[in-house]
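Should a chain be cited, it is by its letter among A, B, C and D, assigned in written order, with residues numbered from 1 in that chain.
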Amino acid sequence: MTDRERAVRDLVTANRIIANERVVDAYGHVSVRHPGKVDRYLLSRSRSPELVGPGDIMEFDLAGNPIGGDGRPAYLERFIHGAIYEARPDIHAVVHSHAEEVLPFSITTTPLRPVIHAASFVGAHLPVWDIRDNFGDTNLLVMNMAQGRDLARCLGRDSVALMRGHGFAAAGRSIAEVVRIAVYMPRKARVLMDAMRLGEVKALSRGEIAAHATMPQDSPAMWRAWEYWARRAGYPAAAGDRTTTRKGKPRKK
Amino acid sequence: MTDRERAVRDLVTANRIIANERVVDAYGHVSVRHPGKVDRYLLSRSRSPELVGPGDIMEFDLAGNPIGGDGRPAYLERFIHGAIYEARPDIHAVVHSHAEEVLPFSITTTPLRPVIHAASFVGAHLPVWDIRDNFGDTNLLVMNMAQGRDLARCLGRDSVALMRGHGFAAAGRSIAEVVRIAVYMPRKARVLMDAMRLGEVKALSRGEIAAHATMPQDSPAMWRAWEYWARRAGYPAAAGDRTTTRKGKPRKK
Amino acid sequence: MTDRERAVRDLVTANRIIANERVVDAYGHVSVRHPGKVDRYLLSRSRSPELVGPGDIMEFDLAGNPIGGDGRPAYLERFIHGAIYEARPDIHAVVHSHAEEVLPFSITTTPLRPVIHAASFVGAHLPVWDIRDNFGDTNLLVMNMAQGRDLARCLGRDSVALMRGHGFAAAGRSIAEVVRIAVYMPRKARVLMDAMRLGEVKALSRGEIAAHATMPQDSPAMWRAWEYWARRAGYPAAAGDRTTTRKGKPRKK
Amino acid sequence: MTDRERAVRDLVTANRIIANERVVDAYGHVSVRHPGKVDRYLLSRSRSPELVGPGDIMEFDLAGNPIGGDGRPAYLERFIHGAIYEARPDIHAVVHSHAEEVLPFSITTTPLRPVIHAASFVGAHLPVWDIRDNFGDTNLLVMNMAQGRDLARCLGRDSVALMRGHGFAAAGRSIAEVVRIAVYMPRKARVLMDAMRLGEVKALSRGEIAAHATMPQDSPAMWRAWEYWARRAGYPAAAGDRTTTRKGKPRKK
């Protein structure tokens, strides 16, 4: 299995996970940077994530042009992905979601502060991007590179940017990381909404967020989550080669 | 397959979709205008949408009389459908739902404003119809054409009318459009309810709603949703002839 | 099939329905009055409703004594059922539930007013029973006939009594009616809770509730719901002999 | 079947139950004290509870060291379990959960008071532990015995301690008891959150909590819940030997 085949396989699993965990529904998408070519990314044709299979994956350059004359309809908002890969060499996977629990924080001035330890995956700061600021009245969709780059600028060095009245874009160093961020975004939002009704909220300290951020990314705890979500989505073997090494078998051949 | 057979097939799928997405439960219904006869519509006999099959579909004239001596029990509230088709030649599909997330906006004076981009499918204005205004104390059901026409008048040129203490009626130019409106109504309501607890809400501008409304209806993005919801409801082939053309096969022939 | 066998069959289906619709969980129960003996009722042994089968049904006299030397453990709270049958000859089925959406109205002074048309199944008035009033500090369970009768007195001529910090008891003229009441109780509570956050709530008028109450009980609309819930719970044939007659087949022989 | 084998079997069932009832997700865990060796406990390797099987169970001493040279990755937070067993000889099972409904009470000053009879399983008092008090800025995880013992001190003689921004730890006299506590914690939290929005809340009295606490633990009602949750999680035979004795068969032989 080549690196590209492995990337496609994991991307399909990621599609199924974020659909099954209700991060996306008919709309929303997840991509990975091409494992061998830093100026390309892999993303499904225009299809709901729950239905995506290996044959649906297309390849794009960072400007959103399909590679190899692939003429199938693509997501209108693929520019979110390319613009973030262009601005952030450290990022290898991107999720775009309309998760409804997160939306209230995109249309009010209440910041989605980190209050639970799982939220520290996301970092201390969550910028909110309003397409209206620089593009006036639009249909709110990110339909070209200018809009994508404006969003990427707002994201800056952070992991997630909220998009006003629309959803969020999440950026991860690996597909497992971005899936975990995406799955926890709605939960993080729900807990804060509920807590705010009870009274004054005790947020995580900067030190606590920093302490969490230094935990190793390629840890058993992270693959535990990937294995769990993949299984729930019906993909028992999806992360097989990785979890196998976790069971004590030697990784080297 | 005739146009009528295709309409019946898609109507059955629409029944399953709105049941599976929890827009309707034991009650509520969806109809389509007859594809060849503008003064007739197709609607299930009195049965819960999740259980509706092709054999359950009846044909009615706009006044709600069954065609062909079909004596099976019909929905008491079928007059909602006929009255809207009568008033709105542009409308080809209607959903009636009691979705509980929408009900709070029908019994308070808080308007269900569009605040998320998906809500712009519905339009800028959402009238609320109160049967008590013109008919006094009733069981709240729309049981005759006079009540149906009063509701249709309240709906006017809009896409959805809330019905006080009861639910909503949604009108679409196609069955895929009305299903999408219906599926997003509860989500739109939930997001606004949650956002209002967080503080001042930034609504969509008129220009944003207008921009969204000009997007093509027969787009890959719309059929992506139909395919997704149909599959989730167990109908993989339901929109087959349409999604097939999306995969690159020639539509003609 | 005898009347008793039919009653047992429908009681098993009712158990599955209220479990599947999340009216009950591990706890809670549903009974029917014996179809031939007005001073007896049928109720499962101590078992979660989702798991109840025909062999689990026991027969009790109104005081809660098992008939025929049946020594299997019975529900501790079976006295709720006998006391209501004793006080209300018009009642033929009873549900006891801890549904969490209803509980907030049992521990505050906010009345669970009817605000949606489906709520009018329940009637205009919903008394709240507090076991502490007459029995002091207890474990809150209805463990004997004195407590059961006190609850039945509070219920009076109504259809549902809330039980403080505990749940509710619902009484129906038929098992289909009590199941419908029970299924809609949590929804009714959720809608009112949500509406109260939006502002002043427009309740059903007395006339509207009365108008709804005069609708025929043995209607296609009622059996439509029973058929739907039974199917969802995996019981396609449960109300077969009834829905069959709805399809136009002659009921007689 | 030895006592240890039976403990492993029930521990696997408990893992599946708390996953299926959404008390835990990818993270969180449940342990039992070794049935024959009071200074040891049984706990899965680092794996999501929904996926845990008998082969995943490891054995630890109270300090969290694996027995028998078992080198598989263990939960980072296993110290929660050992520290509670060390401090509380009466406790035989422990659950650690991040259930999001409970989290708001861990980050505000609103106490999670018992207001429903099911909540009295948990007791009258629910301490909140803040790791920051004695350990400053951490990643919030309980990563060593000093932190575990600090948590156990805060728990004291109670059944549940909330952990600020993180979750809760529950302690039971048996695995069935701790599972019931854990399953009801989120429900208890939801009811109180909802009730607080409606107005002044009527809490359980001390006498009511005490009355509930004196109910027998090894009752049909407790095994009814275990059987129900196990079945829902796909484990029909899991508590077989116990529920069988409940059906009247002699336990001896």
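Some notes on this structure:
We take it that contacts are C-beta pairs under 8 Å (C-beta built on N, C-alpha and C of every residue); 3 or more make two chains touch, one makes a residue touch a chain.
Predicted model, so just to flag it, every value in this text is computed and none were measured.
At the interface between chain C and chain D, two copies of one sequence, fewer than half of the residue numbers in use appear on both sides, so the contact is built from largely different positions. Centre-to-centre separation between chain A and chain C, using Cα means, comes to 46 Å. With centres set at the average Cα position, the gap from chain A to chain D is 32 Å. Within chain D, residues 197 each touch two or more of the remaining chains. Every pair of chains meeting the contact definition is listed here: A-B, A-D, B-C, C-D.
Chain contact summary for the complex, chain D toward chain C: residues 115-118, 120, 187, 190-191, 194-195, 197-208, 210-212, 214-215, 220-221, 224-225, 227-229, 231-232, 246-248.
Those residues of chain D that touch chain A in the complex are listed here as 25-27, 46-48, 50-51, 71-73, 76, 98, 100-101, 103-105, 107-110, 132, 136-141, 164-166, 193, 196-197.
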